Amino acid sequence: MGIHHRKASSKAGLPPGTLMHVGERKAEEVQVTVMQYNGSDLLEKDGVSVRECEALPADESFVSWINMSGVHEAGIVETFGRVFGLHPLLLEDILHTGQRPKQEDYEAYLFIVLRMLSFDVEKRELLSEQISLVVGPRYVISFQEREGDVFGLLRERIRGGKGRIRKMGADYLAYALMDAVVDQYFVILENFGEELEALQDVVLSGPASDTLGSIQTLKREMLWMRKSVWPLREVLGELQRGESSLMGPEVLPFLRDVYDHSIQVVDTLETFRDMAAATLEVYLSSLSNRMNEVMKVLTIIATIFIPLTFIAGVYGMNFRYMPELEWRWGYAAVWLVMIVAGGLMLLAFRRKKWL
Amino acid sequence: MGIHHRKASSKAGLPPGTLMHVGERKAEEVQVTVMQYNGSDLLEKDGVSVRECEALPADESFVSWINMSGVHEAGIVETFGRVFGLHPLLLEDILHTGQRPKQEDYEAYLFIVLRMLSFDVEKRELLSEQISLVVGPRYVISFQEREGDVFGLLRERIRGGKGRIRKMGADYLAYALMDAVVDQYFVILENFGEELEALQDVVLSGPASDTLGSIQTLKREMLWMRKSVWPLREVLGELQRGESSLMGPEVLPFLRDVYDHSIQVVDTLETFRDMAAATLEVYLSSLSNRMNEVMKVLTIIATIFIPLTFIAGVYGMNFRYMPELEWRWGYAAVWLVMIVAGGLMLLAFRRKKWL
Amino acid sequence: MGIHHRKASSKAGLPPGTLMHVGERKAEEVQVTVMQYNGSDLLEKDGVSVRECEALPADESFVSWINMSGVHEAGIVETFGRVFGLHPLLLEDILHTGQRPKQEDYEAYLFIVLRMLSFDVEKRELLSEQISLVVGPRYVISFQEREGDVFGLLRERIRGGKGRIRKMGADYLAYALMDAVVDQYFVILENFGEELEALQDVVLSGPASDTLGSIQTLKREMLWMRKSVWPLREVLGELQRGESSLMGPEVLPFLRDVYDHSIQVVDTLETFRDMAAATLEVYLSSLSNRMNEVMKVLTIIATIFIPLTFIAGVYGMNFRYMPELEWRWGYAAVWLVMIVAGGLMLLAFRRKKWL
Amino acid sequence: MGIHHRKASSKAGLPPGTLMHVGERKAEEVQVTVMQYNGSDLLEKDGVSVRECEALPADESFVSWINMSGVHEAGIVETFGRVFGLHPLLLEDILHTGQRPKQEDYEAYLFIVLRMLSFDVEKRELLSEQISLVVGPRYVISFQEREGDVFGLLRERIRGGKGRIRKMGADYLAYALMDAVVDQYFVILENFGEELEALQDVVLSGPASDTLGSIQTLKREMLWMRKSVWPLREVLGELQRGESSLMGPEVLPFLRDVYDHSIQVVDTLETFRDMAAATLEVYLSSLSNRMNEVMKVLTIIATIFIPLTFIAGVYGMNFRYMPELEWRWGYAAVWLVMIVAGGLMLLAFRRKKWL
Amino acid sequence: MGIHHRKASSKAGLPPGTLMHVGERKAEEVQVTVMQYNGSDLLEKDGVSVRECEALPADESFVSWINMSGVHEAGIVETFGRVFGLHPLLLEDILHTGQRPKQEDYEAYLFIVLRMLSFDVEKRELLSEQISLVVGPRYVISFQEREGDVFGLLRERIRGGKGRIRKMGADYLAYALMDAVVDQYFVILENFGEELEALQDVVLSGPASDTLGSIQTLKREMLWMRKSVWPLREVLGELQRGESSLMGPEVLPFLRDVYDHSIQVVDTLETFRDMAAATLEVYLSSLSNRMNEVMKVLTIIATIFIPLTFIAGVYGMNFRYMPELEWRWGYAAVWLVMIVAGGLMLLAFRRKKWL
């Protein structure tokens, strides 16, 4: 948290369009891979240089997917910009990896920013990565911050050549990428759901000292996810209305579908947030409950024994003239009194339902 | 909760339109029943095969209601899709039983998703089931997740042949199905209302240890119901505006009526949610109240007896020269002092209204 | 609360338009009264049969106000419906007395549902009754759930023949009825205001054990009133925009006036709700305050006397060799020590401002 | 609070337009003053009779400002209404001094209701007074509830004859009146700001018993001010859009300016409300903090001395065979044990940072 | 806080357009600097008199940036107004330095108000300064409250002559100024983020007595920042829609960019506010937790030793006939009983997980 702001501030005052990577450096080296396909053929290349990409979009019968992992080298992104004629502010947004999801229509191409979420199970941490898509008439360029993504199955589908994807255009590819990102959100939600259930169980059975911290961590992660999902919903809402000429009519039902999914994600997230808030409430009132229990134990013990100790204290006094001390059954009588008094106390507590 | 997310995530990355059931398998086997009627005649068949359905919509004088219970066999749903020419994404939505209520106009037919709620009285649990309706010009196909529904009385009305339903078209049938689902919501609300009243009584008379859990369970159930009802309201709002040509003008007043009902459900639900929140507040402050009571008892007992014990302790000391010990009435005087001191304490407590 | 839901659920599944009373039966028998007036003449009849009403609207020079108290006899309402050509769903809404305020324009007549509130001073309970108005070109039919209403002064004005009402049409009569209902809301608000002031005083001076319950009851009543008033505001807002041809232009300023009043009611209600929430806050923190006070008393007493008792205990030990016990002024010295110790404690408490 | 509702309810059921004063009677007698001015001349009269006003608006070269203080005599207001041809509902609104700010365009004149706030420093109370403005083509009539207003400097400006006001029309005069009212709001806000700062200091340094009451009073006053300011913002927003022909184009920038001010008032008020809520939070948690402190003192004292008293009690027992009692250094050893035990306790507390 | 309201109130009642500085006097003396540039040339002058400015905008090939630091001398601002033909209300807004961000289109020029925030690291205080921009066709006039601003790097860029700025018009200069202000917000956010992280650590590890104050200060500062940022978002939203003819089409993408940034600021600020609220929650429940711990210690000690002290008290009684006292192993037996009793207590506490 806060890290990209630190970096962003270091750039305050520089002219807009200055290409300089702002954000955490997440990848070791920049990797460019290319997939080109049409209904019948598929070309796939790894470690492509930017210059080689130049020739790609020329071939109109193919759909080209250029994927770049690692955006910390401003020079490579700049070359991309020159080759594909991208606006400097767009390139800046690719390099500043703290963007909120948005879409901008530059007529010749569509610029879409998404956030790809993943859950680092080991550190129990939510990772967020910026995915920038440039969607042209026959190509899609995707920029990721690091290697490793949620597009593995999509690549398989392209390679497999079955299904719709090989027969459709770049707009469908862009949809498929967005769909993969949103599908991943359901995995995250599932994680949240499980954690939430676990926390609810813990809170009801007996919270440990770190329960509060876990609830707050979960709440914070859901807050961060919300920051990614809410604007995405708007982005998809705008896309599915079909205002951009780059999104063909045959893709619109699919965009509507992924839009529906994003609403579902938002809905579920809000429900989870409400449930987390309720869990916190239960936790806090369980604190009060336990305090009550502690106080009751103290009160019962003190209320029974303090008066009895007083009685014992009375007959521990050393007055010369204390007739009771001389009585034959004085000691027994005092025990009797004490037992009766204690018993009455216990009865009173039972009546108040403290026992 | 969370179950369908687990399943949905297992499908992340698959191509859209892949027909595969996602959700809990709730029915043993798929059941297809058909009712065909017009003003004078009624045909009713159980255990129909999908192929037999193919001929149905051809008969224009009849309204056909095809009902399928159990959607876990993707193959059967796919056959339906082929027979009736349904869009693959629509079929996917039928199979993925975690949809939020929505309506989609596919020109040739209208696709409506609802959620049918029921209350499992035994387990005190709210059950939610997805109902998908495909409304064509002369047919309605309904897909349920399991056998058993809220359409029993509707079937009776069709069989009875009285009233409006036999004289009207498929749009009225669709309305009647939605109306039955919304009517059921009132039954759920009634359950909530009763539970809420019971909880309010419990909280005021003396909350038990599971009261908090019950309030939270109720709140959570209302949260889940809300997820079903809010989007339904929008769906019905859009339908009653009459934008779809499949909904004839004579059905619009009825749609407006069921829309009104859905607003009433939303209203009442929100009121109940406010009341549940208030009940929680009362519960929490009753905890504080009881803590106050416990503390008062402790304070009264301790404040009276600790000083008296001190006095007794003083005269239990073994100093050689303690003149009081030798006095004739020393013991009696000490009792007097202790009784007066205790009495004054009691008076002070009465003044503070602690007694 | 909840009662009409119980009943409504018993009707779940019946065909729409089935005329059957749903709601609490509040009146003993159905009473139909008729007032017919123009600028010069006035006819007034009690205990009219529905059949007699049939002739009424025919007379165009008169405005007819037909009032029916008690709606539990579906048959009579049905007859009305047939005589005046009312839509079955409208009749259903009249019989199901749990409607939220709404207005529906049926071209030939306007259907308006309001909720008349009254305050049962004895039981300190808010009563809510549905008033359904059917406004035709020359007649108004009003349906009430029980006898006794807020229209007494309105009847006097009609009988007195002074003022505007005798000169104007059915739309003005409808306005006058709505105005009377809204005016009554101010009486309710006044009641709430007084109760709120009383509760604020109680909370500040020293809350009793039922204070929390009273605050919650008040909050709940305001919640219920809100349910009646918010939709009414929308209803009046739509009416005053003059979209219905049944509301003539000369009535619009009056409708705007009653619309203003309804906004004022909503405003005041929201302010009262905020104030009730603040009162609850004060109550809760007064609980904490009192707990603090109780704890202080306990702490002061215990902190002073427990150490003193310890000192007394020390010299109550029976060791053979305790030199202090033999001292001439040992006893006096112990008293001195104890008094000084106690005094220092008191000083410390005064410094902490606990005394 | 609540007073005008009490009165308003006493009028429930009367015909609309019945002129009768509803509200607190705040002025002794009705005062009518008139100022007439153009660029060169100024006529000023006190104690004018309504009849004399009749001739005023006829003179087209002058702008007339008629100010009436005290609206409890319905007769005078009625005469005004007849003389200037005002709508009965407008007159009713003037007399019922509980209106929320609004503006109504009656074509021939504009009716504006504002609320003038003042702060009674002595009673520390917020006073609210209704100002009704009738803005005609060449006149402004202002109705106040009592003598004394915020228009003193405005009168001076008119008398001084400098600045814009003498050269402009009645619309500018109306603007100047509204501006004076809104300027006064800043004075109120300043008062709130000072009180808030004082309360924040008190809460941090050590809250007294009436702190809670002061915070709540402040919150309530801000709530009441909000009721006046929010609708005013809408009123000014509508006016500055220039929809009324009575507001000339040269006045619109000024209206935009006062509209800006009203937004600033709303903004600051909302910020203050948030800050008051935060102050309450601090107050409440300072209660918890002090409770913690009290409990710590009790616990430290009790935890140290109760075990020591137990040890002393043991050696106060009268068993015949207690070898320790006979030891030469038994007494000293017990003291040693007790001192060590007490010291260890203190160390433990220091470790827990309770000391 | 509140300071400018105090001053603003001192002006209540004065005629609008009266030029008088309202606000804290933040600069020692007024400084006017001018930068004039085109693609090739740059003129830069310090300590310019207003009269010298008069000639500036005449030169059409140059873009002129006139910057005035210190607005407390109304006379200079007034001269500016006369020279550039600015509206009196605009000048008033420049002098009253408590404006909320806004933009007003005066056709000949555009008036934009921003708030420049800075963080006084020493006093840990958020400083807010009003920046007023007047954007003409070929000039920008900026008014600051004090010397020292966030435009240093911008000046360097102009001087350096590289990049876009020297080739573009006054609209781009205005954009660059706004961009610098918004960039500075990220620095502030970074500060907030760091403070928030520090507070979260403190709260989890063990809050000090001033933790609550720090949280509240942070919340208040974020509240103040919010007041500056929310309206700015609207201002930039309006500007980027390109409604003003003074903002050329080539600047719109840049305005959209800074608009995006402002949304990002708002988003992050809201997230931080939620996190601060969560931190407060954690703090408050850590108070409860510590109270619980304190109570447990007290209860354990008291519950173990009070009964033991009672037993010791019993055998400290002086009854003549107490058989146990005479027993050979009485003393040992009592010790045994006490040890067993104490051990059982400890076991019970362990079971309740209090130890």
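Per-chain numbering from 1; labels A, B, C, D and E assigned in written order.
As a convention for this text, a residue touches a chain if its C-beta (ideal position, glycine included) is under 8 Å from a C-beta of that chain, and two chains touch if they have at least 3 such contacts.
Please read all numbers here as calculations on a predicted model, not as lab measurements.
The minimal number of chain-to-chain contact steps leading from subunit C to subunit E is 2. Common neighbours of subunit B and subunit D under the contact rule above are C. Subunit D and subunit E have CA centres that are 26 Å apart. Taking the mean of the C-alpha atoms as each chain's centre, subunit B and subunit E sit 42 Å apart. Across the assembly, subunit B contributes 288, 291, 295, 298, 302, 306, 309, 313, 316-318, 322 as residues in contact with two or more other chains. Taken as a contact graph, with one node per protein chain and an edge wherever two chains touch, the assembly forms a single closed ring in which every chain touches exactly two others. Residues of subunit C that touch subunit D in their complex: 150, 152-154, 157, 163-165, 176, 179-180, 183-184, 186-187, 189-190, 193-194, 196-197, 204, 253-254, 256-257, 260, 263-264, 267-268, 271, 274-275, 278, 281-282, 285-286, 288-289, 291-292, 295-296, 298-299, 302-303, 306-307, 309-310, 313-314, 316-322, 353-354.
Every residue of subunit A that touches subunit E in the complex is listed here, in rising order: 1-2, 5-6, 8-9, 11-18, 87, 89, 92, 98-100, 102, 104, 206, 209, 212-213, 216, 219-220, 223-224, 227, 280, 283-284, 287-288, 290-291, 294-295, 297-298, 301-302, 305-306, 308-309, 312-313, 315-318, 322, 324-331, 334.
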